[in-house]
Amino acid sequence: MRRPWLIVLVVVWALLPWVLGRHHVDLLVFAAIYTIAGLGVGLLLGHCGIVTLAQSVFYAMGAYASAIITVNLKLPASLGFVVGMIASGVIALALGWPVLRLTGFFLAVATLALAMIANALFFEWDWLTGGTVGIGAIPKLGLFGFVLDTPLTFYYFAWVVAAIAMLLVHNLVAGRTGLAMRGMRDSLDAARVLAIDVHGLRVTIFVVCAVLGGVSGSLFAHYTGYVSVASFTIDKAILFLLIPVLGGAASIPGVVVGALFITFVPELLSKLGDFHGIVFGLALIVVVIAAPHGIVGTIRQWRKRALDESTATPGEANK
Amino acid sequence: MLEIGGLDAGYGRLTVLHDVAFRIGDGEIVALVGANGAGKTTLVRALCGLIAPTAGRIIKDAFDVTRVPTHERMRTGIAVVLENRRLWGELTVRENLRLAEVNARQGGKVNFTLADVTRLFPIIAERQSSAVELLSGGEQQMVAIARALLMQPDLLIMDEPSTGLAPKIVKEILGVIRGLRDRGISLLLVEQNVGIASEIADRGYVMALGRIVHEIVPGGWQSFLSDERMVKAYLGD
Amino acid sequence: MTAPALDVRGIGHAFGGLTVLTNVSFEVPAGRIVGLIGPNGSGKSTLFNILNGFLVPQSGSVMMAGNDTRAMSVEARSRVGMVRTFQTPRVFEHLSVQDNIMVGACKLTRSGALSNMLSLPRARRDLALMREVAEAVIERFGLQRLREVPAAKLTSGQRRMLELARAYAGKPQLLLLDEPSSGLNTAEVEALGKWLQTFNDEGMTLLLVSHDMQLMNIASVVNVLYFGEIIASGPMAEMQRNPRVREVYLGM
Amino acid sequence: MARRWMGTPARALAVSAVCALFTTTLFTHTPSHAQQATGEPIKIGAILAITGPGAGLGVPTRNGVLLAEKAVNAAGGVRGRPIKVIIEDDASNPDNARTKANALVHNEKVVGLIGPSQVAQIVAAGAITDPLKLPHIVPAGLSVPVERDRKCVYHVLPPQDLNARALMEYAANAMKIKRVGVLHDSGYGNVVMGALKAISSSYPGIEFVAIEKFEIGATDVTTQAAKVRASNPEAVMVIATSGTPFRAVKQVRIEVPVIAAIGSSSYEYVKAMGESADNVIIPEFLVGEDPLPDQKAFVEMYRKEYNLTPKNFEAAGWDLVQFMVAALKATPADAKPAEICEWLRRPHKGVLADYDFRDADLTGMKLTSFVYSKLIKGQYTRLPFRVSK
Amino acid sequence: MFSSLVVQAILSGVTNGVIYALIGMGIAVIYKGSGVINAAQGEFSLIGAVVAVFAMKAAGFSYPIAFIAGAVFGILLGIVVDVVLVRPMVRRKADEDAFLLLTIGIAFAISAGVLFFAGRDYFTLPSIGSDGVAIVFDATIRYHAIWVIVACAAIVAALRFFYRKTSFGLAMMAASIDADGAATTGINVAAMRTATYGMGGLLGALAGLLVAPIVPISYYMGLVLTLKGFCAAMIGGLTNPMGAIVGGIILGLVESLAIVFIASAYKDVVAFSVLLVIMILVPQGILGRRGRKGG
């Protein structure tokens, strides 16, 4: 049943940049980059019930790794990706191990503190990161001798990477680990009793999330060709959190919808000038109150309810 | 005093109580007995308004309180000692009682003063400025009853007052409870332990699976307890 | 002579100034059904939490098949075969009945996040195994009709069944059951007793906490906990004749 | 397309109305109708930090840009066609700057780009314009090496080493002192500080006796200021984009002169400095209270429009538009972007300073262009000191 | 010379610490009263200060009246947040994370609202007392800062009195400790939660009003204030509003001593690291109380 949809989707996706203006292709590239980082945050939020505000740290690490490897060390870009992923993963492991013993609010705030510390260090270690001045002239990515130097080519590349990330996350969620994660989210105690290593699992997913953040950051660095601390502020961490929240944390299409929302809606609202911030804040409030499962989650619920009502036996339908 | 009819209630989609009906007369002590999970606590919560019934009516003194919110319902002369007492552990004994005093029913026929409850439970005077959580279970139960009495109720509902208490304390508390009738207070005693219930209640209802399955008439406790079949249905023995 | 499945030695525990358990000792011999009864608030839940590792006792020790559990986490105890249920069933509300049971079977497999992500043969094999086990358990517990229903929509009786089935899927050697019959009707309790009996016949050791005297009859030994102390132990029939137990517990 | 929600004069009016709220006297402006340009407007893109932390730079620049747009159109536009500056807000975010630049260049097909206001954003937007050789002028100084490789991104404020030299010139030649303490933030301040260190060998008589850094957005830096004070400097340089360090300097009773970098010259920061603004010396370009002869006309026009005194960023905004328009006027209507860009590569006389866009630093500003001012009761006073070559 | 530097660090640390404490108290009051971490507490301060500034500048009220107007506005804001936004969430039994996201949304909206309606200016209020500084061992502290410390002590005393000695305060505590127990003692639990938010709004506004003469307030500063306030509350123990005072002063001192003994640029790194370590090692905070579990 899903296949025809998928084919239509792929065709639309392939044709889209030819129809849209350059500006919108540009936004779509960012949507792809944000989708990858958002997938990680969505994994934590939707399947483990963990709010992380530290994704900007790993995004930054990916970006800096790519920038330093290619610009300062003049090494191939692929190495930048690998180093970014490994660095993000290792740091996530080291930080996650102690911090993920916390839960709820406290964990969210602890990740926020991590983001603040990292941001201060990005400024401070300007011998490494370039600080405010940043690192420029990051080379364009080359793929089999083909240089990705236009938004159009990068659009295809970034979305293919995003699709691979989605596939991997889908596998993870559908497999043994996914079941264990969702069990843990619903009842920590029951999961522990069933021999699910709750802490180890949380750390593992935190690392997965960080690695996705790293990949996303590397892509960002190569796309814009320039990185500086201005791109890795706390606003970015909040933005990465909003992506799964708005779209629907537990669903992969939800993350894509969230990423599209976050790239296109502020763009549309920016015509309102200073007023757009108010609208954006209110939109967030409305989503949290009225659509707790995000846009995609809420649509699914409606569909399901409609289905339930048409098929269920009387007495079972009403909730 | 209290009349309940056709009450259905539960949590979310889960209906626990089915068509519950009973009444408590003026000055009566009525016991509600039943096994664990029979729905006794759910009934208490419905009577207090902590959960909203999906059907049925709760009439207090000819006044329909089914939809009256808990805090206002308590001013119609109902007071309750909930399961696990639900005191405010960080606050002192005095502070716990003071909150009952300031929120009590005005103009009811019952009038309990702090001195009255201290006479009933001298421990209150002794421990009045210690935090409630530092008290023993029995002492806490006494504070909980005192708090309920200071609400000036003419109907007192008690959910498992004997839970986790030593028999000696239970006896002491039961003695006090029995004496409340003389102050014009009707009592609904919810108990798992039939022995305790039979000691002080005039009448009783037996609850199972969310329904009232048996009524014990005045003087009927002995025959109930000696009826193997009945006890078996209840104790499963 | 094998070591008992569970050997509880001199457990004492207090919360703040409130003593909950004092010097509790008893044994659960391997392959037996042992009961634990006592009035509400007598410390059964605390004891249960200590046994499975949620709480660290302030004194005393718990030996599991001859090994000290002091350094073992909840998960570690479960991995070597100790699974418990909860007084109010803790099912995974957002998961279907089948998925709940599959989570219970997780401990039979080992594949990690990476092999799952890459959907390696190993991960697929594990998932297939879990599904197979879940299928068998569903059949055994007669849950076919509820397979796809989210656990949140189950009645309390069904939740109990699901929790039991989920625990069973992990093939535990020692099952701790906390009030498994509460919320069940008489017929269901009877069925439950039969289940537990069969589990025991298959070699599973059971520790049963319940108020349900009917269910307690399947236990070979019953320990009576009263105010943090074991006041009596022996076969149920004997306990029902024991005057002290009659007084404090049965209230007669 | 009704995408601009207000026409330019209406918008200027709205801005002045908002400003009037703060200055209490309401100013009404009647636009002149003389030789208004007509026809399809020529679109110039502008990306400025209208919101976010960079707004202290972007908003004054916008006012200068809007004034210039209006003046150009009142004077007949370009070849009889009006110009239209499409202003986009990057919210002080480089990612936004990039997408906005793409939108302006590829969707709006602007003939040139103005802004953004801050380093990272400029580099990000430059990555779009430079490959196309689209004329691009920014209201900031060159501070990143990568900008040097871009041949069509011109700057109308001094590069950071020039800013650093301007600070050092005052200490070395006007005050003739040896011991200097520095209090700087970790963003803008850090960049200028780097330049200060790099050029310090040119001023061998001056020693940095204390260099204290604080993070952007800090609300209290008295301890850092106390550390600077403890080193007994003869003057303190404050390099920051907030009023906070100035308040701290005042509070810990640093009584030696304070020299501030141009970044804190806007009235917004002066307001945030409160009383501690007194006696702060700033090497800058435009002292609205006492303009140089060439600047008088602009200052008066600005006052008339907004009833406010302009500062450096307002003048920079004005100059940007004027240079862009000059290039458009001087090149044929069908000129390729590269031709316009190439035309710009020449000396320009601006309100703010004299430029030479042929220079390697893409501004060609000289130390001699700096004027030095001192804040007295919230007013800038021009000092007699100037660097002589 | 060095000792005066340490004295200066201590004075600055205490001044900042008291500011953090004021925000932290508001966070702790709301957390204790409703179990929600209010990420918009700093924005409450923002609103309080901005309302007072406009009451003085635009409406021409005197300073004391403007001050009161700011405080009252804070209370109203808190009440509106509870009634309009928190209530529907409580009704659908939203989880912790949802509340956190809700308050983040509120923070966004308020910050953007201040920007839109009041502009990007830095707002200051007149100092209490004089604008000058007191000199202690060659170090300085602003007279206003001394007043802030006094005011903070007074607020602590008033809070203590309110929560322990007045029936209303006791009822608010009772409703938060055990809602069922409170409802059956005739206390309107929902109204008490609204009052809690009003109290949080008041404390937030007071913090803003007291801080504005020291730190010029601008629309974007809410987040910084919230973060530092949360650290203060967390270090002191979230369930004890008085702990925020201790936590705030510890945080302020750690920050300013880090400037003297480590390096000023690492101030935030040190402060947030301390927070992390405390959260992991002493999760209930220094003055917090451990909730009894099990039994």
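Note that the chains take the letters A, B, C, D and E in the order they are written out, and that residue 1 is the start of every chain.
Going forward, contacts are C-beta pairs under 8 Å (C-beta built on N, C-alpha and C of every residue); 3 or more make two chains touch, one makes a residue touch a chain.
What you are looking at is a predicted structure, and each value in this text was computed from that prediction instead of being measured.
Hopping across touching chains, the smallest step count from chain A to chain B is 2. Taking the definition of touch as given, a chain qualifies here only if it contacts chain D and chain E alike; those chains are A.
Farthest chain from chain E (centres taken as the mean of C-alpha atoms): C.
Farthest from chain A in terms of Cα centroid separation is B. For this pair, chain B with chain D, the centres built from the Cα atoms lie 76 Å apart. One finds 72 Å separating the Cα centroids of chain C and chain D. Distance between chain centres (mean CA atoms), chain B to chain C: 33 Å. Shown for chain E are the residues in touch with two or more other chains, namely 115, 265, 268, 292. Multi-chain contact residues of chain D (touching two or more other chains) are listed as 51, 186, 215.
Looking at chain C, residues 16, 18, 54 sit in touch with two or more other chains.
The residues of chain E lying in touch with chain B in their complex are 164, 167, 170-171, 173-174, 177-178, 180-189, 289, 292. Interface residues of chain A, counted against chain E in their complex, comprise 45, 49, 51, 98-99, 101-102, 104-106, 108-110, 112-114, 116-117, 120-121, 123-124, 234, 238, 241, 245, 274-278, 280-282, 284-285, 288-289, 292. The residues of chain A lying in touch with chain D in their complex are 21-23, 26-27, 30, 120, 123-124, 126, 131-134, 136-137, 151, 220, 224-226, 228-231, 235, 267, 270-271, 273-274, 277. Across the complex, chain E is touched by residues 18, 21-22, 51-53, 55-56, 59, 186, 212-215, 217-224, 226-227, 230, 243-244, 251-253, 268, 271-272, 274-275 of chain D. For chain C in complex with chain B, the touching residues are 16-18, 39-42, 153, 155-156, 179, 182-186, 189, 211-215, 227, 240, 247-248, 250-252.
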